[in-house]
Amino acid sequence: MDWTLVLIQTLNGLQLGLLLFLLASGLTLVFGIMDFVNLAHGALYMIGAYFCASLTFWTESFILGLLLALPLTAIVGFLVELIVARRLYPRSHLDHVLATFGLILVFDTLVQILWGPEGVAIPLPDWLNGQVTLGEVVLPSYRLMIIGGGLGVAGLLYLLVNHTRLGMLIRAGASNRTMVGALGVNIQLLFAAVFALGAALAGLAGMLISPITGASIGMGNEIIIVAFVVIIVGGIGSMKGAFIAALLVGLIDTMGRSYLDDLFKLGMPLESAETSAPAVSAMLIYILMAVILAFRPQGLFPPKVR
Amino acid sequence: MAEDLLQIRDLRKSFGGIAVTAGVSLSVRRGETHALIGPNGAGKTTLIAQLSGDLRPDAGQVLWYGRDVTRLPPYRRSRLGMARSFQITSVFMDLTVLDNVALAVQARAGHSFRFWAPARRDGRLTEPAMAVLAQVGLAGRAGQPASILSHGERRALEIAMALATEPELLLLDEPMAGMGPEESSEMIATLRGLKSHKTILLVEHDMDAVFALADRISVLVYGKIIAAGTPEEIRNDAHVRRAYLGEEAA
Amino acid sequence: MAETTETAAAAAPVPGGSILDPRGWGVRGWTTLAVLLFLAIAPPAAFLLDEPFYLDLAIRLVCLTIAAVSLNLILGYGGMISFGHAAYIGIGAYAVGIPAFHDYLSGWLHFPLAVGVSALFALVTGAICLRTRGVHFIMITLAFAQMAYFLFVSMEAYGGDDGLLIYYRSEFSGVLDIDSNLNLYILCYVVLLAAMYLVHRIVNSRFGMVLRGSKGNDARMRAIGYNTYAYRLAAYVISAAICGLAGALLGNFTNFISPEMMAWSRSGELIFMVILGGAGTVLGPVIGALAFLALEELLSGWTIYWQLIFGLLLILVVLYMKGGIVSILGRRQPEDG
């Protein structure tokens, strides 16, 4: 067993998990509070990446680009809420899904118009592009930064939700929307703020991944489904559930892809292991979802709703 | 001694620390009309839900002819002969009045994995359905979509659907809810017509209806039965009076 | 109360006649006939007049219409919003492609396989999905479809991401020859008619009434004694089987079978077709698929950024056209079931 490899893969899994958490947290917030299913959340992920790319080139600093792109993405989120989402709150979830599906098309094409059909690569500054050596293990420092950043944001979100007024409103709204309105809180503003926050989180995820994968059209469309799997597994509306499920999914997916064929080889003839492992590892997180749902159809940590 | 159709033994249900059903024991005898009354918040609907199977009690038993049905899902209880009407009108809005009742008739007619013959032209469904509609006075509205019925007519449709499953026990959850005086009298008349051949457990606020229909009354306050007996006994019971003091009996 | 884009019931007389009795038809009935006649005549005519492009378009249209009709059964009449129906198109197509890859060219194998595997996949995934409701159901069907997508992507032996090329169409031991597009189109058209009729019978049968009751008020159905889970699962499986058949036809047509056929956006497009046309009606999926593809063709001819307009249109339809196209074509007819 190459433990170095295991460590690296674990960190990769954590990285994926934290990125998924950034995406899933916005998704679950918006669903928990506004009961709104936003398929276009992945488009915000993409837009964040593109904004960051352009701003990085413009300011010649990745950090500055990222910091400037965050509020920009939040503004886009706010506009989406104002123009589209707001009209859909009273409608059925199917309407949400269809309308946001249309939004994906709109955003994908807009991005194509503004940035062209080819993706945009984002160069990392040298100080982030290096490596960190821990004993025998050599790790790319950027990946560590993503993990650190992701954990930091998760911590901030925890503080926000549990120790601020806004967080209290969020938790209250998640379990009883009408009450919060009746308490005289400016619901429209709250909703807009939550949506913008979700957008910023999604955008951040996109920004963090973009130096590795580049920004490309439709980059959010696959990962958004995984984010939905995360919130279903975690329990729709629950931040804690999103965090745990995201790490679970990230780790299982990464480890599965790396080690499933080895695992299979322990019990199966070589050839069947080699042909079936890629297929099963591709399906692994969905199988996980199915198993969890079979026992807990509401997910692992569903928030108590009155 | 008339046998007990339904027996509830020490039923308990709590929500978040509040005991909504705090040890309820009650029996419904075959053939009687038993009313369950109590002030708002007493836990009447929760109790009904536990009887129909929509809610699992935390403890206690529900017995049907002595058989423990506490954990049986609603559709199984319905087949045993328990029919429920809902406090908040719960009919099929997109379908016609006749469709609604025919569906209830169909539920008793074996399995419905029949994919070819049109259900609406099946006399075995429509004839009994029309008969039930006549019983509740809705025969004239048979072809109308349920969505255009008046509130009182929809409540009558609720009853019709419960009746169409040919139940032994009718669990009626506030059938008069939201009705004006005229509609209420009609409903009372309909229910009176059913008394002779159905066992009814009636949850109601409307005291006129309760005293007009009930053979026995149980009073539920804060999840407990504080009194049970004939209408006369209940009318004169000091505890009941106290529980209702300040309450406008509807 | 959340509004939906499904058709609202208008006052309808108690139906007595058969769908095939023209006296019961209204605007919708005649429009349906017109569309079906158009589809019967125009594409073959175009082909014979040396414009094969339109026939190709029509084949694709009819196959997608069959898929839309199958989805309408569970979505329009059953209220089950499956965001994973494209998976069955893909499964059906691969049920043709994979055997063909191994030189098993018999259509007598391909088509039953398409239907069977789709039904099986639906049974297993549906058994899990149908224990949930609402948005959970939508998301879980979506997730399972993704699972199927990734499964086929990972199958390197059959092309994986790059897809599978097949060179021969299904053979029916001389009874039926679908090598020419014209013949394939005729087969597709016949299957469409059969599917439409089958769905019509189903939704008006006892089974269909249970399904429709369950859509309106599932708790009520259980309260009157129906094990709605079983009925909904059966409907889900039937719908998937029909969709798998559409996939097998499409697979024969395109000769190039790829996991893209199962991309989740394809499922979204199918739902859009049903909603655009008018869910829960006979004409709805037919006209929805037609409008959808016509729009797609038209817009992509104008500009390469046609998806932008398409997306905007989709949003507008959802916001303002709740009942679909069919809702502006007159009142509900008895035969709409």
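Think of it as A, B and C in the order they're written, each chain with its own count starting at 1.
The rule we apply is simple: a residue touches a chain if its C-beta (ideal position, glycine included) is under 8 Å from a C-beta of that chain, and two chains touch if they have at least 3 such contacts.
Computed from a predicted model, the values in this text were never measured in an experiment.
Undergrad: Identify the chains in contact with subunit A as well as subunit B, in label order.
TA: C
Undergrad: Compute per-chain Cα centres, compare each with the mean of all protein Cα atoms, and return the closest chain.
TA: Most central by this criterion: C.
Undergrad: Measuring from the mean C-alpha position of subunit A to the mean C-alpha position of subunit B, what distance in angstrom results?
TA: One centre to the other, that is 48 Å.
Undergrad: Can you check how far apart subunit B and subunit C are, centre to centre, with Cα atoms defining each centre and the answer in Å?
TA: Roughly 42 Å, centre to centre.
Undergrad: Starting from the mean Cα coordinates of subunit A and subunit C, work out the distance between those two points in Å.
TA: Using C-alpha averages as centres, the distance is 32 Å.
Undergrad: On subunit B, where are the residues touching two or more other chains?
TA: none
Undergrad: Considering only the defined contacts, which subunit C positions touch subunit B in the complex?
TA: Residues 8-16, 201-202, 204-210, 212-213, 215-217, 219-228, 231, 234 of subunit C touch subunit B in their complex.
Undergrad: Considering the complex alone, what residue numbers of subunit A touch subunit C?
TA: Its residues touching subunit C are 31, 37, 84, 87-88, 90-95, 97-99, 101-110, 112-113, 221, 225, 228-229, 232, 236, 275, 278-279, 281-283, 286-287, 289-290, 293-294, 297-298.
Undergrad: Inside the complex, what are the residues of subunit B that reach subunit C?
TA: My answer: residues 52, 54, 73-75, 78-79, 83-84, 86, 90-96, 98-99, 102-104, 106-108, 112-122, 125, 142-145, 147-148, 161-162, 164-165.
Undergrad: Where on subunit C is subunit A touching in the complex?
TA: These residues of subunit C touch subunit A: 2-5, 81, 83, 125, 128, 131-132, 134-136, 138-140, 142-144, 146-147, 150-151, 153-157, 264-265, 268, 271-272, 275, 305, 307-308, 310-315, 318-319.
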